[in-house]
Amino acid sequence: MKVFTLQLKNEGVTLTAYLPDSSSEMPHMSSRRAILVIPGGGYRMCSDREAEPVAFKFLAKGYAAFILRYSLCENAEFPKPLNDAEEALSVIRQNAAEWGVNPEKIAAIGFSAGGHLTAMLSVAGRERPNAQILGYPCILEKISDILAKPIPGADKLVDEKTPPAFIFASAEDNVVPIENSLKYAGVLDQHGIPFEMHIFQKGYHGFSTAEESVYDKDEHRAYNEDAAAWVDLCLRWLDKLFGRYV
Amino acid sequence: MKVFTLQLKNEGVTLTAYLPDSSSEMPHMSSRRAILVIPGGGYRMCSDREAEPVAFKFLAKGYAAFILRYSLCENAEFPKPLNDAEEALSVIRQNAAEWGVNPEKIAAIGFSAGGHLTAMLSVAGRERPNAQILGYPCILEKISDILAKPIPGADKLVDEKTPPAFIFASAEDNVVPIENSLKYAGVLDQHGIPFEMHIFQKGYHGFSTAEESVYDKDEHRAYNEDAAAWVDLCLRWLDKLFGRYV
Amino acid sequence: MKVFTLQLKNEGVTLTAYLPDSSSEMPHMSSRRAILVIPGGGYRMCSDREAEPVAFKFLAKGYAAFILRYSLCENAEFPKPLNDAEEALSVIRQNAAEWGVNPEKIAAIGFSAGGHLTAMLSVAGRERPNAQILGYPCILEKISDILAKPIPGADKLVDEKTPPAFIFASAEDNVVPIENSLKYAGVLDQHGIPFEMHIFQKGYHGFSTAEESVYDKDEHRAYNEDAAAWVDLCLRWLDKLFGRYV
Amino acid sequence: MKVFTLQLKNEGVTLTAYLPDSSSEMPHMSSRRAILVIPGGGYRMCSDREAEPVAFKFLAKGYAAFILRYSLCENAEFPKPLNDAEEALSVIRQNAAEWGVNPEKIAAIGFSAGGHLTAMLSVAGRERPNAQILGYPCILEKISDILAKPIPGADKLVDEKTPPAFIFASAEDNVVPIENSLKYAGVLDQHGIPFEMHIFQKGYHGFSTAEESVYDKDEHRAYNEDAAAWVDLCLRWLDKLFGRYV
C-alpha cells in the first residue's frame, strides 16, 4: 500500500491517500471503490478518532481510502471548507486511473461537523460524491451555535443531483440533536433521494466506529457497542449501490 | 410448549399463547419476557406472514409469545381495536404468574396497521406495554385513506407514559410513506421517550422478517434481504432495555 | 402452530411435534424442512436445555420441529435407542404430507449422548436423516464409561449412505474429550462424506445454544458466548445443503 | 499510518510494516496488538491475495500489521524460511516501543505453505508468536510433494511452549487435504495447547478472506462465501486471548 499526503490549496488543508497495492492476482481490483473520510470536530479540529479507524474499515473491504483535513477555526467560514472537499474529490477523480480508483464509485463519509461538510458537498458541491454517509451529522443552520463559524443548513439545499445517503446517529446524542438527522431524512424523502438511516438509542456524540480501538473507557465502550452495527450495515448498503466488481 | 387460543370480548377477536415449557434445569426462565405480536393488514385482515414467523423469532430468544387477532373491517372503528389490545395485555398480566411471564417485561410488536394499533396501545392504552416495536407503521391520521376505517393519529397522543420504541421500515415503501415513521420519531424525541429507528433503503411494504420463509419469490427475497437485520437489532435493543435474566 | 406428543413403541419414549400453521399467504412453506432434536444426558436423562431452546432456533427459520425423548437408563442398551430414533424418522416421513414436511429435507440434531444417537442413526439406521448435526457428541466406544450403558463406536460404522455432517464442540470440554469429534471428522473425510466442523476453544460441556436462556450464571454465559455462533453457521450450512424453497 | 519495507538477512526476504498513527485522542492504543501475516504459495511465491487483504482485516480492528515475504524456491530449504520468520518476530519485538506495538500480543497468521511456516515458528521457533492462526495449513511431512522443498512435519514438534492456535480450512480442499488440520488439532489437544478450529465444508484452496475483493469470479465467490466467517471468529478469539486494551 502507498500512503502519502497532498497539500491542497487552502492553508493547512491536506488529503492523505491510502492506496492498496495492485496485483496481477486480483485484476478485478485494479479500479477500486473509494472512500473519502471527513472527520468531525466542530470545525475547530479534525478528530483522529474519525480518521484512520474509519478509513481502515473501508480498506478491509477493498476500498481505496482518503482522509481530508479541511479548513478550521478562523478559516472555517463557508464556502472555504466546501471548496476543500470539492478539491479533494476533484483531485481523486483526476488521478483515478493512476491511483486505481473508479471515479464513479466514490463515497464520502463525514462525522458531526464533518457530516455537515459531507452533506454540503452532496447537496451544493460543484463536484459531488457518488454516495454520502453521514455520522451524527450537523445539518441545521441553528446548530451553528456550537461550531467555529456559522454554517448554511444542508437541509435547504437538497436538489435532484444529491447522491443517495446513509445516515447513522444516536437518539440520545446530547451535542447534536437527532432532529438534524430526522429533518435531513425528511427532505431527502421529499426529493426522492434514496436513503437509509440507522438511529441507535444509545451512543455518545462522536462514537466513531464505536469499538474499543476508539473508546478508552470500558463504560463508554459498553454504552456505545450496539452502535458499532453501522459499519456492516453501511458496507452492505454500498455493495447494493455500487454493485459487484465481477 | 403449550399453544392455545383464547376468545376475547369482541367478536372474532383471539389471543393465541405460545408458552415454552418450564424446567427445573432452567429456573431463571420461570418468569420470561413476553412479546405480543399484532399483525398488519389494513384493519381488513391479520396477515399470517406477520404472525407466527415473528412470534418464532422471539421464542428462539427465550420469550413467551402471544398473537392478537383484533377487530377488523366493519368492527375496526376506534377504539374497538385498541380495546382488544388493552384486553390482550390485561389478560397476559393477570395470568403472568401462571403462564411464567414477567408482567413488567412485555413488549408489543405491530406491523403496518398493526403498527398503528401497537403505537395507539403505547400512547393511549389504559394498559401499556413495556416496549413498543413498530414495523413500517401507519401513524398519521392521513394514512386513513388506505385503511378499513379512519384512524386517530398516534403522533398526536404521545405522553410521558409512552414506553421506549423501536421502529423499522423501508424508505422506498410505496404503501405507507416513510413520513409516518419519521414524524413519530420526531414526536418521541420531543417528549424525551427513548427510541431506536432503522430505516432500510429497500424493502417491500409488508416485508415482515424479510426471509425466505415469508417471501416466496426470489427477486422479492433479494430485494428485502438487508431489511432482515431488524430482527437481531431489535432483540439486542430489548436485551439492553429489559436487562439480564441472571 | 400445533404442538402434540406421540407415544412411540418403547416404554416412555415420545416424539413431540411442533408444526407451524400453514397459510395461503405462504404457499411455498406448505412442505417445510424439518429438524429432529435429540437431547443429551448420558443416556440417563433427556436434558430440557437441549430440547425446546434448540427446536425454537429452527422454528424461527421456518422448519417444522420434533423432539425425541428416547430409551434411557436400564432401557438404553443398544439398539433400543437407535430403534427409537429410526421409528421417529419413520413416523415423520409417513406423516410428511399431512404434517406439511418435506420427507427428504429432514435433519437430525443431537447433543452429547444424543449426538451419539444422532450419529448412530446416520451411520447405521435403517432409516437415515438427510443431514446430521452433532453437538459435542459422544462417538468413541471408550466414552462408554460415562454413559448409562456401553455404546458402539459410531466412527467404525460410517458408510456411503451416511448423510452430510455438521459438528460443533468445544476444545476445552472436560466431559467428552474433543478426540470424539476429531476422530469422527477424520473418518467422514476418509469416506468422502461432506462435513463441516466448528470447534470453539471455550464452552462448558452441554452449552446447548450457549445463550442466556439456557445458562443461568453470568460467568457461565460469558464463558460460553462465542460458542453461540454455531447456530447461525449451522442454519447457513443447511441452507446450502437443502437449497431454496423458491 | 506509516508503511515501510525492511530487508531481512536472507536474500529477497522483506518485512513490510503497517503502523497506524498514534494520537493523543486514543492513548490506550499506543501499544497495539500486532499481526504478522505470512502468505502462502507452495514455498514458490508469496500470494498477494493472502497479504494486504488479510493485513487490512486486522488494521480495521486496531492492530499494527506486518507482512513477511520469506525465502522461496531454491532458498526454501528449512530452516531458512523459519529463520526469516524468527527474524521478523525478533525485529518487531526489538522495535516494539518505537513502533507502538505490545511485544507480548503478537499473533502470526499464515496460509497454506505460509500456514506451515507459521506452525513451524510456533512449535520450533527460537522466537515464538503469542498466538498462531493457520489457514488451510500444510502441516504433515507428506505434503512436501506439492511444495518447492521438503518440509519437516509441524505436528511432530509441538511442545509446551507452543502458543494457542486458531485453525480454519475447508473440508473439500483438494490441494491440501483436511487431514493436515485434523492431525495438528489432535496433537495440540494431546499437549494441552488451547485451540479453536473452524472447518467449512466448502471453500477453494487459497480462499483467503473469501470475499469479492480477493475472488474475481462470481461462482468462486459464491462457493467460498460461508468461509468468510473465519475473520470475525478469529478476531473474537483473539479478543478473548489478548484481553481488553482498557
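Note that the chains are named A, B, C and D in the order they appear, and that numbering of residues resets to 1 at the start of each chain.
In the analysis below, a contact is a pair of C-beta atoms (placed from the backbone, for glycine too) under 8 Å apart; a residue touches a chain by one contact, two chains touch by 3 or more.
All values derive from a computational prediction rather than experimental measurement.
Visitor: Measuring centre to centre, with centres taken as mean CA positions, what chain is farthest from subunit A?
Guide: Following the centroid criterion, the farthest chain would be C.
Visitor: Which is it for copies subunit C and subunit D: same residues on both faces, with over half shared, or different residues?
Guide: Mostly same residues: over half of the interface numbers shared.
Visitor: Counting in whole Å, what is the centre-to-centre distance of subunit B and subunit D, each centre being its mean C-alpha position?
Guide: Chain centres of subunit B and subunit D, defined by C-alpha means, are spaced 47 Å apart.
Visitor: How far is the middle of subunit C from the middle of subunit D, if each middle is the mean of its Cα atoms, in Å?
Guide: Each chain reduced to its C-alpha mean, subunit C and subunit D end up 34 Å apart.
Visitor: Taking each chain's centre as the mean position of its Cα atoms, how many Å separate subunit A from subunit D?
Guide: Comparing mean C-alpha positions, subunit D is 33 Å from subunit A.
Visitor: Got the subunit C residues that touch at least 2 other chains?
Guide: Not one residue of subunit C touches more than one other chain, so the list is empty.
Visitor: Chains as vertices, touching pairs as edges: which of line, ring, star, complete or other describes this one?
Guide: It is a ring, because the chains touch in a row that closes back on itself.
Visitor: Run through the chains and report each pair that touches.
Guide: The set of touching chain pairs is A-B, A-D, B-C, C-D.
Visitor: Name, in rising order, each residue of subunit B that touches subunit A in their complex.
Guide: By the definition above, subunit B touches subunit A via 164, 171-172, 177-179, 182, 185-186, 189, 194-202, 226, 229, 233, 236-237, 240.
Visitor: Which stretch or stretches of subunit D touch subunit A in the complex?
Guide: Residues of subunit D touching subunit A: 1-3, 18, 20-21, 23, 25-29, 47-49, 52-53, 56-57, 59-62, 211-218, 221, 244-246.
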